[in-house]
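Below, subunit A partners subunit B and then partners subunit C, in two separate complexes.
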Partner chain A sequence: MSSPGLQGLRPWIIQRISAVYIGLFVIYFASVLLTSLPLSAGEWRLWMTWPVNTISTGLFIIALLWHCWIGIRDVVLDYVPNVVVRMMLLTLVVCVLFGSGLWMMKALILVLAQ
Partner chain B sequence: MTMRFRIYRYNPEADQKPYMQDYELQDVGGDMMLLDALLILKEQDPTLTFRRSCREGVCGSDGMNINGTNGLACITPLSGLKQPVEVRPMPRLPVIRDLIVDMDQFYKQYRDVKPFLTVKDPLPEAELQQTPKQRDRLDGLYECILCGCCSTQCPSFWWNPDKFLGPAALLQAARFLCDSRDQATQERLEALDDPFKLFRCHTIMNCVDVCPKGLNPTKAIGEIKKMMVKKSL
Partner chain C sequence: MAATDSRPFFLNLIKIRLPVQGMVSIFHRVTGVLMFIAIPFMAWLLDMSLQGEQGFSHTIEILSAPFSLFVIAIMTWSLVHHLLAGIRYLFIDFELGLSKQQSRYSAWLVFIIEFILLVLLFWVVCL
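Showing the complex of A and B:
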């Protein structure tokens, strides 16, 4: 048994697609900061309520978490040979990333709700 | 010219642990290869053990770690080596004695990729033909001599030698995937779609650096990934 449930090609493709999206979003976000920097919390909230920004930020969070998962998974697969320790570590990583995702989504939803 | 050597010695029947032994060789010629030096040293010390056969860089039996980099002793000129020349067995394979390693794991990985043509159609009476273009696709893939220099220089192979197939076996996988006569493409790609066998390659390219035949296993691995993506679309 190596690591049950883990795949090869699919994560490899997702890692590359998410990297492209993260790169594009970072360029977009940097251009916003450079050209029309919202200075107050109200301005930031307004910026975030524009549907294009809400959706692109939500997708960025998903892409970032997925990219993190695959990257950390690869490091664990490389350097942790014991299957039990490996599965425990991967479970811990999933929990931390899932918790981080919920926290980020909560922040996004709170901005939209106000 | 006199040259100094530090050679890994280990005889499991006599030694508690491996050690490095110093040697000195007088009258080293400018065109001598490392294997020539090892053969002279073996005349002085018959207990020194290593594999060799063709002395031409064709059989791949004298792969070893020379000053930290894998290579074939028979085609490594002494003139380009820093002294003392440190010679060790290829990394991460069990040592049988001195510079001789157990290649069982390496050959098992080679067998795992089914390195033979699989034809499902009835075989023709004459040979299976290829166009010159189809034949050209095999260049850079079929020339591997299975010396093991690439796989044993690969960190992914060091960490997962029993699960990651290693550059040499994957080069062979690519060789049969690219062969127009082979009809097991689907099965071959499915067998490689696993977190370890293929996808532990992180394009470090140590394999390309050390291949004594100048092959590019990293490119071949990239080709396999491309074929997998095309198949999945």
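Showing the complex of A and C:
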């Protein structure tokens, strides 16, 4: 494998650091959900507008997308030997992740604007 | 390759018996891919749930459908397994539990804690 930018120590470290953040956020979020169900629409929006939650959720989205990119990239590199198919798949993954990221960020920003 | 070599001649996925460490590993991959597929749907649901009363109740409605409950169950398992297996890999990154015996124990530990957590979650949410 000689595609530039697809190997090395940097993604390996980012994978681990993002994993720790994602893990902590998931535990925090799950404990919020489990202790406050059933949520109302107002409570849910209010929770999201609390700065700690907006910022930690925004960071979570970035960490998740980055973590996911590295993981799926590794899976594609492992199982898809054909360079053309590989690049097409990786491009699709980038589009899906980037689009989802924009969508989630839009939702967060609109909550603050309301 | 020697004629006496008893390793599998071809890779028949059904005939391969993975050791428990291998089970943790392949499920780590599978659950990662499953959660990747879920990301666009999560974006859709997050956005909708934050759009007033109507969007929120529509989100709840979608999440309560029988098929959604099935997907939520798969995703909960995926998250729990991926998280626990990930914690195990972090220990291994720090060169803790590298021996064959220790790695076998920690792999079993992942499945045991996973099972307990899922039972607890089911109990808390459904009862």
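Details
Methods note: the second predicted complex is superposed on the first by the 110 of 114 C-alpha atoms of A that agree within 3 Å, B and C clash if a C-alpha of one lies under 4 Å from a C-alpha of the other, contacts with A are read in each partner's own complex, and residues count from 1 in each chain.
One rule holds for everything that comes next: a residue touches a chain if its C-beta (ideal position, glycine included) is under 8 Å from a C-beta of that chain, and two chains touch if they have at least 3 such contacts.
Bear in mind that the values here come from a model prediction, so they are computed numbers and not experimental data.
By the document's definition of touching, neither partner reaches A:Leu46: not subunit B, not subunit C. When the two complexes are overlaid on their common chain A, residue A:Ile17 makes contact with neither subunit B nor subunit C. In the superposition on chain A, A:Leu34 contacts subunit C only, with no contact to subunit B.
Touch criterion met: A:Ala107 reaches subunit C, while subunit B stays clear of it.
Once the two complexes are overlaid on the shared chain, A:Ile55 sits clear of subunit B and of subunit C alike. For subunit A, the partner touching the most residues, choosing from subunit B and subunit C, is C.
In the superposition on chain A, A:Cys68 makes contact with subunit C only, while subunit B stays out of contact range. In the superposed pair of complexes, A:Gly99 makes contact with subunit C only, with no contact to subunit B.
By the document's definition of touching, neither partner reaches A:Val85: not subunit B, not subunit C. Applying the stated touch rule to the two superposed structures, the subunit B and subunit C interfaces on subunit A have no residue in common.
On subunit B, the positions that touch subunit A within their shared complex are 156, 159-160, 163, 192-200, 202, 225, 228-229, 232.
Within the complex formed with subunit B, the residues of subunit A that make contact are 2-3, 6-9, 11-13, 74, 77-79, 81.
Subunit C contributes residues 29, 32-33, 35-36, 39-40, 42-44, 46-47, 49-53, 55-57, 79, 83, 86-87, 90, 93, 124-125 to its touches with subunit A in the complex. Residue ranges of subunit A in contact with subunit C, taken from their complex: 16, 19-20, 23, 26, 34, 37, 40-41, 44-45, 48, 64-65, 68, 71-72, 75, 93, 96-97, 99-101, 103-104, 106-107, 110-111.
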